[in-house]
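Chain lettering (A, B, C, D, E, F, G and H) follows the sequence in which the chains are written, and residue indices restart at 1 in each chain.
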Amino acid sequence: MSDKMKPSYDDIGFAKVDCHRVKRRGFPEVIFGKGKTPRQIIEIAKKIVSHHGILLITRTDREVYLKLKKIYPKINFSADGRIIYYRKTAPRAKKGTVLIVTAGTADWPVAEEARITLEVMGNPVEVLCDVGVAGIHRVLDKKHILEKASVLIVIAGMEGALASVVSGLVARPVIAVPTSIGYGASFGGIAPLLTMMNSCSPGVAVMNIDNGFGAAYFASMINV
Amino acid sequence: MSDKMKPSYDDIGFAKVDCHRVKRRGFPEVIFGKGKTPRQIIEIAKKIVSHHGILLITRTDREVYLKLKKIYPKINFSADGRIIYYRKTAPRAKKGTVLIVTAGTADWPVAEEARITLEVMGNPVEVLCDVGVAGIHRVLDKKHILEKASVLIVIAGMEGALASVVSGLVARPVIAVPTSIGYGASFGGIAPLLTMMNSCSPGVAVMNIDNGFGAAYFASMINV
Amino acid sequence: MSDKMKPSYDDIGFAKVDCHRVKRRGFPEVIFGKGKTPRQIIEIAKKIVSHHGILLITRTDREVYLKLKKIYPKINFSADGRIIYYRKTAPRAKKGTVLIVTAGTADWPVAEEARITLEVMGNPVEVLCDVGVAGIHRVLDKKHILEKASVLIVIAGMEGALASVVSGLVARPVIAVPTSIGYGASFGGIAPLLTMMNSCSPGVAVMNIDNGFGAAYFASMINV
Amino acid sequence: MSDKMKPSYDDIGFAKVDCHRVKRRGFPEVIFGKGKTPRQIIEIAKKIVSHHGILLITRTDREVYLKLKKIYPKINFSADGRIIYYRKTAPRAKKGTVLIVTAGTADWPVAEEARITLEVMGNPVEVLCDVGVAGIHRVLDKKHILEKASVLIVIAGMEGALASVVSGLVARPVIAVPTSIGYGASFGGIAPLLTMMNSCSPGVAVMNIDNGFGAAYFASMINV
Amino acid sequence: MSDKMKPSYDDIGFAKVDCHRVKRRGFPEVIFGKGKTPRQIIEIAKKIVSHHGILLITRTDREVYLKLKKIYPKINFSADGRIIYYRKTAPRAKKGTVLIVTAGTADWPVAEEARITLEVMGNPVEVLCDVGVAGIHRVLDKKHILEKASVLIVIAGMEGALASVVSGLVARPVIAVPTSIGYGASFGGIAPLLTMMNSCSPGVAVMNIDNGFGAAYFASMINV
Amino acid sequence: MSDKMKPSYDDIGFAKVDCHRVKRRGFPEVIFGKGKTPRQIIEIAKKIVSHHGILLITRTDREVYLKLKKIYPKINFSADGRIIYYRKTAPRAKKGTVLIVTAGTADWPVAEEARITLEVMGNPVEVLCDVGVAGIHRVLDKKHILEKASVLIVIAGMEGALASVVSGLVARPVIAVPTSIGYGASFGGIAPLLTMMNSCSPGVAVMNIDNGFGAAYFASMINV
Amino acid sequence: MSDKMKPSYDDIGFAKVDCHRVKRRGFPEVIFGKGKTPRQIIEIAKKIVSHHGILLITRTDREVYLKLKKIYPKINFSADGRIIYYRKTAPRAKKGTVLIVTAGTADWPVAEEARITLEVMGNPVEVLCDVGVAGIHRVLDKKHILEKASVLIVIAGMEGALASVVSGLVARPVIAVPTSIGYGASFGGIAPLLTMMNSCSPGVAVMNIDNGFGAAYFASMINV
Amino acid sequence: MSDKMKPSYDDIGFAKVDCHRVKRRGFPEVIFGKGKTPRQIIEIAKKIVSHHGILLITRTDREVYLKLKKIYPKINFSADGRIIYYRKTAPRAKKGTVLIVTAGTADWPVAEEARITLEVMGNPVEVLCDVGVAGIHRVLDKKHILEKASVLIVIAGMEGALASVVSGLVARPVIAVPTSIGYGASFGGIAPLLTMMNSCSPGVAVMNIDNGFGAAYFASMINV
């Protein structure tokens, strides 16, 4: 391995912060907040900011935000999206628009996590809320918006049928995110996950349940 | 599409309220409360009431009810059924009776959600509680009531055997609702769901676990 | 129990044929062929025909058909639908039409089982094949047919999204039948079953996987 | 451990035949045929017969039977029950009757396995076939037979509701056997297994799917 | 149906209390407390006591107990077993002993529910705690106690192996109760449930997870 | 809807062939062969070829191929990939390369289905076989090939770990395809499906088990 | 059984404390705290300490610790590892090192439980945190540490791919511990459990979800 | 990476044969035969033999064996174990004995796969067949053999209880292999898999269902 390609990381005991991530993958390490103590998150965050000037923490809360705000006063937090985000410099703006489509109002938190991730990564974003298949005319009526998008993220709980329907209307890739919205036989999101996995419309790829961040990250990779 | 049939909706950002629902489906949009903020529910509710004069909110709570009561003083709430309901004018009364049958006392909240939905939609309702198969004579003794019903909703947790038994006694359709009552290998309602799915008696169709509202809505469509 | 209501059955050892079924339920016992020997099926069939003059055998095959044809030369068989059927006299024709809608061409055997059952029970039937959501315009284009139906049976494998979409377009009940068409994470029909169970559109009730007969029987009960 | 109680077995390499089983448990080892070669079964069988004069082989076939018949000309085989059985001397006849009840005709093979096991163990047996809950009057009509039984074995596939219903009618224990009869969401017998596990009627204990032998063995232990 | 056999029940709206249960089944209705309000439980309890003078309430709590104590000062409650029990007159004492065997100390609450149920039903009870297979000598050492029992209830969580081991040592029936003790891949009791279902030792019948009451009820039916 | 946008299809009874698919989605309808009769496939194929001059049939066999070859002598078939393909004119060649990476030799059929689909859609393709994580140096050694790809398809059975590893090395999107290669607790592909769903490396989207076609179609949408 | 080998235990009613465990297995009984009352734990602990002078209590809490500290002032507690530990005398130090490797920072509590268990059992331990496959260079960079270990414990949630990767790099056994870290389709640790079960790299054995103790105990048995 | 450590492999298109495996892991690559064509297996086999002089092919058949026999006349095949094996030179003999214990006769094929793997890797092996817990004295009687073993492999289907029992008797590690022997609720080996995962006896690690090879490989790593 040549020196230039040599991977490196900061070893802080409980974590090995990947300093080489931007060079290798185009974006720094993102912190998954769940299961980490506030102190651990802050130590990792400081390493990432010092290397890259960009910070994204998912599945986190206001307590972590307030502690980080003392260090980085311009840091932001979305309570709905459970996400902390910060950039020292604005990202290079991409040309294509990523369209987030939700089936219901209750899918909003997942959409919010996706929206912020997309914007931090430099993607123009549009959001189309509550156009589930119970009233199919709502999504058909927005066909011109669907057709203009470069990439589409479809977020749906319950039966998750919206992903197939949207995919069938457009020539661009659909990233489907099942959500845990529902009850009984939705089994915390298994029902829409299977729906999206078995889409009869080619052009649908699937993310983990409630993974708005992952969908946005993947969409940003596609969007140019 | 002719103008008369043109679908329409009110776009309030986080929701697209379907104004065309009554024309298309015979009943306005019903609000699924779970996962929505009180403010979102109230905004959607106001749109629905202004268009149709009828309001039904399922999986909701007293907090939403008290806020809506300030706007619509005659609005109603059932704590057992977790349902808010309101009609400006009485519905057209249907002729047939919908009979709700529960296997046990603990199935009551699901029955209550069904009962209120049915009444808001104009259906005469009768309720037969706690006639599970452990004492089969209780339901056999009510055979005359079963036979008079136009549609039957059978609500049962644990092993959910009542749906097949009731269906085998009548010439009318049985809508089966599995409930999450039980423990251990009932797996939150999977046991009665599978029981009802595999009924050896033709004439049984199945709803999601604890979906009293859905059963009532479907029953009302059948009832004439 | 009064004499008139006294239930009765023919006891032939391996089976107790329910002679009272027409009086109690409006239609004679239907034979589920799977797991029974040809001899058993024929003995049961003879009892049913002698009492009611109507015969329906599901999940059966040509061998049973050819043996029965020697006894009832006018008996019919559908290889696609795996169903044997026979009526001495034509049924009373119902007024409403039952519409069978399939998502894909491969769902046909289930539709065929439903179609024959419906016709034997006196229902006018229409069939709309291959209108799955990958090309949503195919089903929207047939909206006038959907709207005329008295009851709708929607048959779909893979993700099973069609049931919700169709239900959202009509004011009549939709009976949803998941099929085992698909592969991988469709798990032999679990994916569309869960989809249909969790429909965001009220007015959908669900049958067992591949249960075309059950859907037809239930539809016939509703249809007047 | 005293000498008298010392356990012993015949070690024949691929098997350790338990010679002490009758003393310890009241009945010799029973051979589970599935997964064993004919040669292995025969070697084990010879050891058991030489010690106890009784032989029971479940989940076996005609090939094994014909080979054993050359050694024990009076050996018996039931193709339906997939069981080989042989006793040098008749068993001590018990007083109580074990009643086998099946929901449908297709449950017969499981009932047959149970029936033969019971008889080999000295139990008077009665069988009541095809009294499933789709026509509940068939089982109610036999209430006098149910009430006379010392132990009841209820065998049912599909939704398996019969076990709860029968248990609710009698003061004696019900051993419930789910069968793999059914399709789709019966999942090879999981549906009736869960039904029986969650019985709302106390007095029901459950066996593995299609385990007619186990039910009979357990019933014989109870029957006096 | 003759007059003497005519079933009857007290209809108190939310419940139909089965007054005929003792005559039909030998023991009055037992109240499953979970999912019922204290008021409902008390009303049902009063009906049962007035008819039979015996009361058993499972899955209940101290609040219900204290309310009932005002009406029946001699009523008893076990916090461990979550069970309320009361008898006006002592039961007829049975001859055989029921032995409760637990695998671990943490299985105690299920054993306690079983123990009280057994005593209320007149069975002499012995309890053998914490003899799980990790130290097999503990149960082998008690072989004389195992062999004296008329019926055995084996209660085990984690892998639930104890039921097979105990059954292999005795000539009497083993009623196996899986418990939810464990973590991770025990899946709330599914692991021991499957273990017990698949016992290689004939003579084991299985109850629902944590169903100490059901095991006791079934054991009492067997015990003479 | 304006005339220009009017969707259309050819109705041939058992199928509604979507003629508008190229305009709407950029590629004609692809035939899923499983569950369709040869005659049905051929009729649908003829419609698609007449409209678009391109044909792709997945999950099919040699019998269908030989019948179609009589009509279209230049048609191709891959037995490994179970896929029939045909283009009247060569596709517009894309610039980016799609790299297919397989974990093991046995994953080849899925890779072959993907490779052919990609080529028919005009994508330069490279394939890297048998670089699973048991010998991680094999994939690390090919890092320069991974880094040159525009889109990556990672195909893996057993534990499916390769997708995360590859994604962690590149800045481009990874489309992960779990395969049914494995045994026991791979549960026909559920194990790698869950692995890929839960990837700790952002930039992985998941397809259905064995869905090589879907991965290729999605990759082609991304590739420019 | 000779006297020397005679198993023995202390019977304290709710528990049978295995005094013979050290002789038979080389280490005393370890108390699983979950589901036991503090009083029960303390009584068992006193018996174990009096016999062996070593105490290990897993899945416990500070309350139990503080009570035991009054009896054994030198006792230790790790809140992260939820484990209490105590040795009167230092263990015999083993030669080989056990290496604990975690995929992420959030897997720490499971690693801590393993670390303490290993040290109490006399094993030199090294820990390598947060070297998951999203940045594979972090683990490759530590290859010299991996290669020096006598036994490796790999702890990972989410997709759990690290176990296969590490195993593929070394000649020593890998004990894989799936953790419940993750969300959605990780299903509380099922995803990494299946991943580890299906490892394409031989040399991986699997523990229950979050079972750090079990992995350490097993590793200590191997380590010499 | 130093030159000496540089990994290498033979690239033969459909496979990348790992030539460095012996140096890195102590044993050459083992071929998993399932899903590979005979031609592919033979090509890979030739590469492995030429590098290492040792060959092991699991999940294979006689056809492959006969083809390889023409190339390597001294190659061996076990039809029971579905395994082909070959060594040019005898392995270095290890000191410790690996003991294979099976619960039933039908578990033999898995034991055979393990036995051959162990011997090819130089381990003295002993086998103890058919000592399942239904007759616990059979395994207790062999306690001296259990205690002499360096490592134990316990192979069991049905409820898989034997692993815990054996582990509780010895001071050495137990590698547990669940088998697919059983029916109904054994779900192809899930039942014993969960049993073994949840063992109450520390010192048990688990392999995939029917993975005799994996258990042997792991055991050989431990055995010294």
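The rule we apply is simple: a contact is a pair of C-beta atoms (placed from the backbone, for glycine too) under 8 Å apart; a residue touches a chain by one contact, two chains touch by 3 or more.
Nothing here was measured: the structure is a model prediction, and the numbers come from that model.
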| field | Chain pair, B-C or B-D, that carries the greater number of C-beta contacts | value | B-D
| request: For copies chain F and chain G, work out whether under half or over half of the interface numbers are shared, and give different or same accordingly. | output: same
| query | Centre to centre, by mean C-alpha position, how many angstrom separate chain B and chain E? | reply | 36
| field | chain C and chain G, separation of their C-alpha mean positions in angstrom | value | 57
| task | Round to the nearest whole Å and give the separation of the Cα centres of chain C and chain E. | result | 44
| note | Contacts with two or more other chains occur in chain D at residues 104, 134-135, 140, 168-169, 184-186, 190, 193, 197-198, 202, 208
| For each chain, which other chains does it touch, given as pairs? | A-B, A-C, A-F, A-G, B-C, B-D, B-E, C-D, C-F, D-E, D-H, E-G, E-H, F-G, F-H, G-H
| message | Help me check something: in the complex, which residues belonging to chain B touch chain E? | response | 104-108, 129-131, 134-135, 137-138, 140-141, 157, 181, 183-186
| remark: Residue set of chain G touching chain H in the complex reads 24-26, 30, 168-173, 175, 193, 197-198, 202-208, 213-214, 217-218, 221-222, 224
| request: Provide the residue numbers of chain H that touch chain F in the complex, in ascending order. | output: 7-9, 13-16, 18, 20-21, 29, 32, 34-36, 40, 44, 59, 178, 180, 188-190, 193, 208-211
| said: Which stretch or stretches of chain H touch chain E in the complex? | reply: 103-104, 132-136, 140, 158-161, 164-165, 167-169, 182, 184-187, 190-192, 194-202
